[in-house]
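Residue numbering begins at 1 within each chain, and the chains themselves are lettered A, B, C, D and E in the order written.
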Amino acid sequence: MNNMGDTLIPSVGVITDVRIDTPDIKTFRVVTSDGKKAFDHRPGQCAMLSIPGVGEAMFSITSSPTNTEYMEFSIKKCGCVTEWLHQAEVGQQITIRGPYGTPFPVDDVFAGKDLLFIAGGVGLAPLRSVINYCRHYRDRYGNIDIVYGSRSKADLLDYREIIEEWANDAGVKVHLTIDNPQPDWDGHVGFVPSYVKELGFDTDKTAVLCGPPIMIKFTLEALVALGFDKRQVYTTLELRMKCGVGKCGRCNVGAKYVCKDGPVFRCDELEELPSEY
Amino acid sequence: MQVTEYKPLIVAFCCNWCSYAGADLAGNNRLAYPADVKIIRVPCSCRVNPTFILRAFQRGADGVIICGCHPGDCHYTSGNYYTRRRMATLFSMLDFLGIERERTRVEWVSAAEGAKFAATMNEFAQKVAALGENKRLEDLRCKK
Amino acid sequence: MQRVGVFVCWCGSNIAGTVDVQAVSEALKNEPGVVFSANYQYMCSQAGQEMIKTAVKEHHLTGIVVCSCSPRMHEATFRKTAVAAGLNPYMVEIANIREQCSWVHKDVTAGTEKAIILGKAAIAKVNLNTPLTPGESPVTKRALVIGGGIAGIQTALDIADAGFPVDVVEKQPTIGGKMAQLDKTFPTLDCAACILTPKMVDVAQNDKIRIFSYSEVTDVRGFVGNFDVTIKKKARFVKEDVCTGCGACVEKCPMKKIPNEFNLGMDNRHAIYIPFAQAVPKVATIDPDACNMLKNGKCGICSKVCAAGAIDYKQKDEIIEETYGAIVVATGFNPISMEKFDEYAYSQSKDVITSLEFERLTNAAGPTAGMLVRPSDGKHPHTLVFVQCVGSRCESCAEKGKEYCSKICCMYTAKHAMLTRDKYPDTEVYVFYVDVRTPGKNFDEFYRRAVEEYGVKYVKGMVGKIVPEGDKLKVQASDLIANKQLHLDADLVVLAAAIEPDHSARPLATMLTASMDTNDFFTEAHPKLRPVESPTAGVFLSGTCQGPKDIPETVSQAGAAASKVIGLLVKDKLTGNPCVAIANELTCNGCSSCERVCPYGAISYLDKEFRMPDRTTKIRRVASVNPAVCQGCGACTVACPSGAMDLNGFMNNQIMAEVDAICK
Amino acid sequence: MLKCSLDNVQTLFAEIAKEAKLYLPIDNADGTAVFGEWSRGVAWSNALNTAKSPKDFFFPQTEDLMRFRTEGKKIEVIDVRRESDDFVVFGVRACDVKSFDVLDRVFLSEPCDSFYAEKRAHGIIVSLACTRPAETCFCGIFGIHAAEPAGDVSAWKTEDALYLRANTEKGTALVARLSSVLEECSDDAVNAQKESIAKIMNKLPLKDLSTEAFGGGKTQDLFHSPAWDALSSACLGCGTCTFVCPTCQCYDIKDFNTGNGVIRYRCWDSCMYSEFTKMAHGNNRLTQKERFRQRFMHKLVYYPENNDGLFGCVGCGRCLAKCPISMNIVKVMKQIGGNKGE
Amino acid sequence: MQKITREQLIDQASELLANGTVSTVLGWGAGEFGYDVTPTLFKTAEEMQNGFVFNDFCGANFSKYLVSKTKTLEGKLLVFLKPCDTYSFNQLLTEHRFDREKVYVVGIPCEGMADIAKVKEISGEGISSIASDGDRIVVTTLYADAPVKIDARNVLAERCIHCKSKKHVAYDTLLGEEGDVVASARFDEVTRLESMTPDERFAFWQNELSKCIRCNACRDACPACTCETCVFDNPKSGVENKSPSNSFEEQMFHIIRAFHVAGRCTDCGECARVCPQNIPLHLLNRKFIKDINTFYGEYQAGAEVGSRSPLTDYTTEDLEPSEIFVGRNEHA
């Protein structure tokens, strides 16, 4: 037996910080047991986190690759693993393996372009990595627009970071919206797709979309209505994954394995796939 | 090499109203029985699902005993009648699969029968000990 | 996963003597979820409880495990402690390391080891506990008593006395039941009517009590605190509120050859009738099967003679719907039919009668005005033979009799024999018996008086055959003590017929989802501890519907049932036991297995619409547990093949976690 | 070509078993054959096909991946991988041998699955020409010749002798070790057998089944075919076809808490199962039709698209024989591929 | 061997389709080799003429399909039921698993169905045609020069050898006679196993159950296993598992499955028929049936709609679990 590792065998990670973002989303900071970042990754890639006996699940890495200290994961409570993680405290060990998936084409396609990030709800989590990456290498990209919407103000992920850091960057514009009016909110009210239409972006931008399927569907329609070509729009898919390396068969759609060939897809590529995502 | 005495592990499901109280009475009267017997309290013997019994064997139990109120005395009037049918058929099936029939038992113990509880446990533990380790319904993954 | 605090009690030396409590609290420290572990001399003491409260606050505990004495001892105590500390009381689990460990094991090593394992099991369970809140349901402060005999009457009066409205439903035109037909009552020999009729009047006059006579319950829905009951008030063709009970109509009614049920057919009544003089309500009733006006539209005399204008030939059955908080069943008994007992010639000779017929024969208000005569020829009987256990304790004759003892026959037969000898000293009275059972206050004395003072001839042995011959009844019997056959020529034979529940009981039990035994007697919630309650919450049992009883027993049970009803009705809300079954609608198949095993009828089904993930809808039948009715036995959880049924407080995963912890 | 008289075949087995465990088809009590370990006295089955495919030698139905020990908040990961001993799988039919190519492309592609690779490296496959294909056999349409089985060593069995030919380094090493029971011979007998098998293959009822409509790039043509409804209508959603299939490789990773630790293991899974793609908040294949379609689309379109046109089916016929409702890939190919009339 | 012909069934169905009584027919669809029939939905008489088949291999029990098909189809579904299938039909109705109003049952007589594996044992592989000729099944193969003629009674499926009833307990229209419950020796094999020593029995079942590949065919074909979510698929049940990881898991699955259908199993034999590993699973169910009959009186699930399973019932005089082995014909 050669002494190689196996991608299925994870290493041990430690939760070093837990931040409560919204009523059902927490952000976990994870390092290896000796305090280092578990592995390098590219924006949009994912990692498998697990709790032995509870299960393993794929999460997009929320922190930017430019952060060399640790990784962060913004996780919404919606299943066994996530529920367990939401109860976890600092110091809790978990297991981690990765990175998995194809990243956003930040170094080629995105380079020099104006970027439009559109997110809904927890959909900001996968985009945070790429947004912060692009902010870090600010001079490599054109203007950045960020449209982000959620149910309510309390449900806006990374709200602090957005208004205190992102909104203050040169060339970065943040457009926030919530679904329903509320007393302490003087920003935009309404759903993301209609807000995107209202804002009416120039079609020379490269757009990245992430959020609930229904939001993606209508926002894509809105972008197309604005004159965007689907080849300009990227999104990420979320399917059930087990192995993370395109072998177990679970996330297979058409000839693609979402864990390996995705989760980042260009919208025109998705049209080639059977509608099973 | 020192030979350690074989200690069977016995899980006893006791109904809250009669048998658990009977076990308490055995305690009140300081009637000894082996520490190998571990009691799980259930509201009624009819709460005992066959999966619990199999689970116990899987996890290393050598014997499983279910204790309830005497027929006719069930706190819930009829629970133990269902237990009686379920366990009779289940035990018969386990026997059919070749699993030692002495490893499972149903005994009716009232709240007043502390002595019977202790005697039953002593006798059952002895029988199970004589059978030795549960091999036929074990799950090797759960071995230490 | 909880934040669990473990508290190990020494119980002085009771636990600490055989269990190394320090080692236990140390060992449990590293169990999953445990954030605090300590031991203390007396956990149940004020100081011990304070320790728990402090730990809850300081360590933000969400679950508590107390390793101490039996939960039957102090579970309630520690639950209260939890509440005081701001926790849900059901976040407490007890590891019984005293009764089931330190007290039964002598070896410290084994005891400690076991205590640790029991602690681990409790921790494993508490980690899966969820806060439970008992359900609440309002209570309708009105009771329904079904049956207007002495049992129903007494129950109704006692409930009304406590200030709650009561409705009494009686299927006969009058309340009073069997007791109204009796002559004297044992062992005091006071007249039944004298003690019963004042009570009947009390019922009639009590403004808290409504009587629905000539009525029956046709439907019961709902559950404890809120039973929706439908009562059918049969048309009696007489306006109840108008009729004065004067009896003029009865006198003039031309249809006068109708067998009188009240006198067991030993005389006749009219088509319009009042069952007996003291009937309550004292109003006339027209027998639609006998009345010529109702059958053929010809006659109308009663209408003409009624000064009050109470007759209403067009009257229809009335349907009454009412909500009740509690229901008392007091449906009583009947003597079994003697038709099948050919050996006693009941069907062949009018002079073979049942004990109840004998009651009417000796009753001053009866068909003979109290003169004891032979029904066949009106002659005075000289030799009387009483036969005991006719159809009772019938192990071999289950097809015509009953296996149980009817309980009252020994005493009333002694009464009949004694009264006969008292009034007619010229008679010879034989009583054939299997055993004489007299276990009541002054009962055996009574029986001995019959034998010793009144010269009743008790013969141990059974009557084999009775053959009518001329005007005599040839009685063949055995005398087991003398070990010989007896041949007697009797003038009158009285059969102590077994009693059985009224035939209306079975359909009623179905409506109430109350359980019955194989003899159709209602089953008690517990034969010893809850003898007047049915297993169906809110349904109570009064009198012989539950089993054979004499009058004093019936009355005391009636009072007991009333007190249970009052105990229920004084509550504004019912707080349930939160440890009840819950059905997971998503996995329920609607197969009815659970419903079939539920002793309380707590499970019903509804067709529920489910939104499928693909936005279509699907209608499925799913089980629903009424938490107000469920008592939490868990029978349904095992009957359920899909595992959709689970039990709060004893969930499948909790019990399996305990199993795992114990077998680790 | 090497030869061993059939009278001497047990000696041959004994020789093989000296240095490696030997597995070969053995008759089961119920009349089917299964791969079992050979030991002295164990008879070699004459059966054509084994009930289960030999894929579990490399991709077992259940396989421990690792263990975890947890204490408090701490986790220890324990690598349970062990070096495999050499073993020989003997008597693998041409179709099943081909299935290893299909599996290899999944498990040995980057990142390589070390669990599979380890067993594959230590397993020596001795194939066997199939002399009596069944009516359910259709390996031919996938370019497999029943009489030309691949493997480390190819074998042919005639009336009186077993012929062997080493194809690979591992195979050569194996036959070299067996020289005492093997003798050199001409190819004549084998050639004769090949010819007669070729004749039979030409008579097989499914010989003309066409793969033309399938292969990479056919997704949009086939995915929306109206025929899927009727084809999947009776499907029970069981995993029989998947589990008897030599090429199905979907797996699940599960944790088992033993009470003393956690075993993470993988086990066969089936895309036919309703919970295969179920997530906490949805399922992208809700109906049996979608799951049914996935299985066949994967074998006939998606897999070839990613693997140079290699189909994910080898025509072994097991699913044809075992499906409780007799629905199978042949019926699917005829309906969906529109070659019902041949 | 069947007394009723394909044409009679098509005629019956066509009439009901034509007069609008039913909208769809659940019948047998022809396969590739004559014996591989697939349950198929037919919408028109023409479809039936083209694809419907009825022969000695129409074993599948259609009752279970009614649970799903009646929920999605418009109009009534005609289903052909053999006598043994009607018991499953009734049992499903007892458990409220489908709406009786949505189904039209055509009861068809059954002379016993053949087991293709038994046919092949005689004929060999390579079947090129298979047909019934009176009481015989005529098989031609690629390897035999002449057709092989097989007495159909010699290749009956296990459950048909031990046919328990030729009686139709549910139908709207009956082709042929209602039939009677027949005496069968179906418990003989159970009795034989019971008379073994525990060691022998254990060895027997270990050998059988170790073949299990947990494909769930037994469960998924079983008309009693119609749970919305099976406990073995439900992670919350605590027994969820999908692999026969070891002998315990194999035993667990089959014990619990048999227990869950105990008192509800009609002994239709589908589990054993569909098992790709030839495990005699019906023996587990028959053991429960035999025990229930012995302990609590004869009971046939599905004989009537609404009957109460003995395991959801009791009498106060029931046998104690300690008494179940008393008087059993024991091994030495």
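Note that in this section contacts are C-beta pairs under 8 Å (C-beta built on N, C-alpha and C of every residue); 3 or more make two chains touch, one makes a residue touch a chain.
Since the model is a prediction, treat every value here as computed from it, not as a measurement.
Least step count on the touch graph, chain C to chain D: 1.
Under the contact definition, chain B and chain C share the contacting chains D, E.
Taking the CA centroid of chain A as reference, the farthest chain centroid is that of C.
Using the average of C-alpha coordinates as each chain's centre, C ends up farthest from chain D. Chain centres here are Cα means. That of chain D falls 30 Å from that of chain E. Centre-to-centre separation of chain B and chain D, using mean CA positions: 46 Å.
If you average the Cα atoms of chain A and of chain E, the two centres end up 51 Å apart.
Mean C-alpha position of chain B lies 37 Å from that of chain E. Counting partners per residue, chain E has 231, 238, 245-246, 311-313, 316 as the residues that reach two or more other chains. Under the contact definition stated at the top, the residues of chain C that touch 2 or more other chains are 597, 639, 652, 656, 660, 663-664.
Residues of chain D found to touch two or more other chains are 252, 256-257, 259-260, 269. Going by the touch rule set out above, the chain pairs that meet are A-D, B-C, B-D, B-E, C-D, C-E, D-E. Against chain D, the residues of chain B that register as touching in their complex are 59-60, 139, 141-142, 144. Contact residues on chain C toward chain D in their complex (touch as defined above): 30, 612-614, 660, 663-664.
Across the complex, chain D is touched by residues 31-33, 36-41, 60, 65, 117, 121, 124-128, 141-143, 207, 211, 213-217, 219-221, 233, 241-246, 270, 273-274, 276-278 of chain E. Within the complex formed with chain D, the residues of chain A that make contact are 1-2, 4-12, 50, 52-56, 78-80, 82, 89, 91-95, 238-240, 242-243, 245, 247-255, 272-274, 276-277. Residues 190, 193-194, 198-206, 231, 238-239, 245-246, 248-249, 251-252, 255-256, 258-259, 262, 284, 287-288, 291-292, 295-296, 310-316, 318-322, 324-325 of chain E touch chain B in their complex.
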